[in-house]
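Take a look at the structure below.
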Amino acid sequence: MDNKNKEMKEKATLIVHSGDMDKIYSALIIGNGALSMGMEATLFFTFWGLERLKKSGLNKGGLSKMNMMGLGKAMIQSKMTKQHVATLERMMSDFRQLGGRVLACEMTMSIMGVTKKDLRTELIDDYVGVGFYISEARESKITLFI
Amino acid sequence: MDNKNKEMKEKATLIVHSGDMDKIYSALIIGNGALSMGMEATLFFTFWGLERLKKSGLNKGGLSKMNMMGLGKAMIQSKMTKQHVATLERMMSDFRQLGGRVLACEMTMSIMGVTKKDLRTELIDDYVGVGFYISEARESKITLFI
Amino acid sequence: MDNKNKEMKEKATLIVHSGDMDKIYSALIIGNGALSMGMEATLFFTFWGLERLKKSGLNKGGLSKMNMMGLGKAMIQSKMTKQHVATLERMMSDFRQLGGRVLACEMTMSIMGVTKKDLRTELIDDYVGVGFYISEARESKITLFI
């Protein structure tokens, strides 16, 4: 752990509570934006967000607002492809390659009965509790609940 | 008011706009986590969140995402009980005993036609406006909108 | 651009991801509160939030929680009128007159196929990407995702 360097970087710490596709996009767009601006970024997946870290689950979320202006999930994904917006898988891969941290909430795992073998452990840096989140968030420049 | 001591503690200030059960859990878990890490924590209940401070209302919220993976509200509560996760009532009681502050949004009360006799006033430290929220949030290390 | 003065003011930077009427209210109430307390305030409209900046769209959002306690959108608006709560249009007008900044997310425009002629450009100060958001948020005292 490169602690000395980490202490010096400004931090963005996001709770990903929602599992909605559009909110996972927002979390990863903000996370990748923070990393590319030289910040440290941590995504803390809880509740419905954690469902997205299940095997094959990243793209399984619905939209937080259905049928609005006629834009369903399929249509939005088609528009994204045409506009060369990266897929969630690609954004997650970029996030991790740029040094972003993905944390899974241990309490959610207990409540939901989720075990490590249900999860894509290759995407997850650590399994932590709320105390870890607080200690990161209190020294972060950007804190969001998504 | 123990202002000198308060000034020295780092603060977490959360707006609780949603009344969904899972989001009330998140707010109290984060609030209690912050308190147990030596921070000051304030929950500012607005809109649907304020409905949860009505008499017998704390546990009345639905889930922000229904029927996902077959996990309805009853099933989640059953899982929580099995995992010895504290109830919302217990978490709220802990929050207040640990020194957390619960604030009710006066504007929401006006809009929704809610009066103090509709609310569990024994849980509420003060009835305030947005100005109070801003003055707390601007000096907080953690600010979230839930 | 009055940069010297801007650097000295404390900042509140809010992402408006939701297009729900009650959340747009919250964003503008917090934004106007921050401005009236002497802070700089920026609202960054993305995803469903951006839909509200379309022509005649500000008041078109539904509620994030329908039919709760029998309070539908029409009833809430009626209560607001009786309580002399300002309309969204008035709050947005106040926000801009007090010096608040409204930013539109360029990536959302691409994804949703929204062009400037679909938007109320007279309300929008600039069209920016996530990098601009990060650079504002990292130096803000209050960061929220709504």
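Structural remarks
Order as written gives the chain letters A, B and C; numbering starts at 1 within each chain.
One rule holds in what follows: a residue touches a chain if its C-beta (ideal position, glycine included) is under 8 Å from a C-beta of that chain, and two chains touch if they have at least 3 such contacts.
Nothing here was measured: the structure is a model prediction, and the numbers come from that model.
Counting the residue numbers used at the interface between subunit A and subunit C, under half appear in both copies, so the two copies meet with largely different residues. Superposition angle, subunit A onto subunit B, using Cα atoms only: 120 degrees, a multiple of 5 between 0 and 180. Mean C-alpha position of subunit A lies 24 Å from that of subunit C.
Residue positions of subunit A with contacts to 2 or more other chains are 143-145. Residue ranges of subunit B in contact with subunit C, taken from their complex: 15, 17-20, 46-48, 51, 107, 110-113, 129-131, 133-135, 137-140, 143-145. Within the complex formed with subunit A, the subunit B residues making contact are 10, 12, 14, 22-23, 25-26, 29-30, 32-34, 36-37, 39, 64-65, 68-69, 71, 76, 79-80, 83, 85, 141-146.
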